[in-house]
């Protein structure tokens, strides 16, 4: 059985001079607390502090990175325990799910999932052999036993992981009860929410009309008028801020923004509310609302995040059988220069606004986003996202963003994950890759090492706190 | 005179640690037989086993990589022996052609052509000085004499090159007589064909209407109806399979696929057959036929290949004077996410289908193709193609594909060439670059060396055999 | 205080073998005279040879790279001495401007501006401590005192910088008096102009109608007809050639070219002159004029340059308050394959034409521009431009252009700057990066060192002279 032992120098450049520099830089930041300003962990974990489920339910069933790769090689999602929506059976035995995963673990060679998972196996569970079909049972037993202990409950791990603050993401219809419970329970861990109003801001969202009704009721506003609808947002934003939210987040197909006149915007809202609108009008409405959100951000100080450019649920068969978020979301070519102009013309020159833009289209790094962020006071660059939250993705991000955008128009790292156990591994990868990037600049005499160390600190810790006001 | 001697470590990373790893990995795969599942060699060479022509006719006149570069620097194509279509004279003296090439050989510095050619000069012909104007005659004489020997006949080289199997590419109107002769002649070399029906599937192909007539006759089907036309394809596919074909291949302008209802498809076919159709309808027809091909592949097991995204014969002057395929084909920005959805919705979830997609637009590697191939069971990523079949092209392919697509959604290497003498050099470049890529991962402690060795074997040999069913 | 001392090995690869090779290559080209074939220095400097202004007016106020980065972090442009257009006050005290810059100098870490500026501070002004808030006054005093000496006058620096020839850029309405004065004054420095007719060729240029009037008067031609308008261009081109011009340059939104019939072109001109035209017609007119310029180039031998793909003055607020060229120009996705075809079909096969194309969209390097330039005799690739005139930008340029385009379809380096003091630093960065690129090829046994040395010389000196006919 091969030994599993994440190497202390992993991800650092092989050249000895550069590696020495990278190692020194990394030593200064590896122990910094984790700032996780954007992600998808479940606040109920921290509220109730119940044990996590079995290894398969913990690490396979909810991880779209994992099951998408297995599926691509012909492994049926049902055999991985993904619940079907069509009544067909799916695997319920976590040991079988785990075995199927172990049989196919070689597929993850060269992927970030492999690196995160090996870290979890080794550092969280203390396993010291590699995962193979032969070691699958050993893995299952060690992990299953550990998960039943108090040391593996959510709050204990939160503390062990050295998380200073973590943000979850909730919809506008959420009552934030878990956050309330955490806040009032006396535990010192800091868990804040974030306002993600897609269900009431995206006219193409499933259940939009009903969501809107509910939204008005919750907010106590008359959402039959645009003015009332905007007030409802202000109201809910205030409610979210009470639960610690410092940011809003928006997942749109395009990066469209708009700045219509009040009467045009009100007329568009009426059209949208009628249910009789075109795809273009839906896009325009989302874009108009981004600008409204920016305006509200100037009032209440919330940071505005935009995550655009994904074709959601590309696979009709998988959508029908298993539902949304099943690894079938595919990035799209995304334009920002024309798209962001209306919002930027309205509020982009105001340094009080922080507008963090993400992309899954790396071609815009050097061409569009770095030039925009290297000019507009309000605009900041979100870290490499989703498919690009990986060593090579991070390398491309720094290589293509830095020369025009600098470091100080970026905002540190987001883990953006629901996979709680992997959070330290993800931040560690980012710190190692940033230190590797900086070490190359130092080795090539493009930056002094003392300045590089300051930048490493800023990228690992300070910028995230500062940009997200945490 | 400078010495010509391809260095044993060529293309391996300079860092000593990484180079040592790469060298070890490369040693395990350098001697593997060549699997060439897609290319354009002439089956008549292997059928008749006649000597190849003179050095200029062998290495310059048919190689668009070579004459496009010379032409770009003002060398007239006619002076390189390219036959004119307009009656104007062109050079017939192979020594003069060779001398013009040698005079301009410095233009190829830094290009893959230089690397392939130097390998051919050194390893195939045993020449030990670099090609310069001064050594041009020496080169010509050595090569010309060699080419007249039995050791340089096609079958001898096939064996010397350690080719396990090679696929040629033929049109649907081909009688495959050369493949028949090879098969029946008792030679042990394995040469198979591939079905490339562009002449009867692309309504914008020159001679489409006549091709269609001929196609119906050859297949013994009534191609005046869509049903008959589809049967003709089934018939010809069966005929090609008898000649060893395991794949079909399609060269389209866009990656469009479609899945029309039977009546819509039949109506579209009638429109196309009438000759009165729009560019959009031609594109739609090609897209519909790709989906039909996928369906037939499920029946007969043939692998489906798509090579989209080229503006063919961009240079009107060169087209008029010298015809097609004269180095004037230019890649286009190509969209896959929307384009492939109809075919993928129809057959993308079926692991029995192997649909190999290529691209000349590298921006889609990380953004579109790796996410698609990292999800759909049927979809696989073709290797770096044409302009990107080069060390840097291969580096970008692995750097941008692996983290989301992994290694096992790729299919090994294609040489995709008519330049028979360069085939071992091309496979060798791919093996060296893959080992270099893997060595970096090992040196950065991202992959264990024993796993890297398995991957090196898979990329060099196993995946091509497996994906193409060879 | 940290020591400021640009390292002799800066930008060279860290790997010792590769660095040794790069160092040897660099030694052979570091002392070559500077050929600056395209840029924006002010010919009046060299004509009048008056001292340059204070440090802030010299290095901050005119440098959009510098103030865009400061502005992006909330520093008001007015506080940097940028003149307002709306009557609001702006900082006039150069010491205060300098202090604001020094306070924020850390923002430039990792950017080319930092590298250029440090070089200017150290090598031109002899300062040996890094710029910090604490050393700001020292910096100001040293530089201010130096600038008042004869050794820092334009002609003295021109000679000290070892500039063999520099091209400025003037509009068609310019009387070229400064060039005349230089030419007639007996100074041996070679300063030539370049013809940039955007003000009379771009219908969307501010003041187009008035410019056209003036253009006709200056040229002594009747610009009410297209024939007269074309003659006016020929006339002005001849006038510019007398002032040494060897090139024309064109800054267009898109890369569109057109080749209308004479009557269509004349009708389009009438439409444009009427002032009643669409955006499409304006684009078509610019495209038609590029083809006319190519035709004139065949007559008078001038090199044709195209700089497309920028959204100018993206920020309406900054445009209103401070005017154009204030760091708010943003690159656009740009298509070349279809766009350039009309011009290339007309003149692309003529090796007498030199058509140099630039891009801010790096995705076209390997996909479109290298294939086009690796085929068409007239087409050459301009060096990495503007945001990409940086170490990583140059690395990507060579990595993505060379394998298909080679070295000899590129044209050496352009500094393209108004920042006279930084010109040697910019050429030095290009030479270092080209030598680093070549050294990697040598270290990986892809190119012999003697050939690499020839290429280094060509890229640093010969190709620019040759391509621009200087």
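By written order: A, B and C. Residues from 1 in each chain.
What we mean here is this: contacts are C-beta pairs under 8 Å (C-beta built on N, C-alpha and C of every residue); 3 or more make two chains touch, one makes a residue touch a chain.
Note that the structure is predicted; figures quoted are calculated from it, not measured.
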Connecting every touching chain pair, does the picture come out as line, ring, star, complete or other? complete
Type of subunit B:subunit C copy interface by residue overlap (half), same or different: different
Distance-wise, how many Å sit between the C-alpha centres of subunit B and subunit C, to the nearest whole number? 40
Two or more other chains touching the same residue: where does that happen in subunit A? 13, 15, 363
Please give the residue numbers of subunit A that touch subunit B in the complex, ascending. 2, 6-7, 9-16, 68-69, 71-74, 106-112, 115, 130, 311, 314-318, 327-333, 360-363, 387-388, 390-393
Touching subunit C in the complex: which residues of subunit A? 13, 15, 17-18, 335, 337-338, 341, 344-345, 348-349, 351, 363, 366-368, 370-377, 379, 399-400, 402-409, 440-441, 443-448, 450-451, 454-455
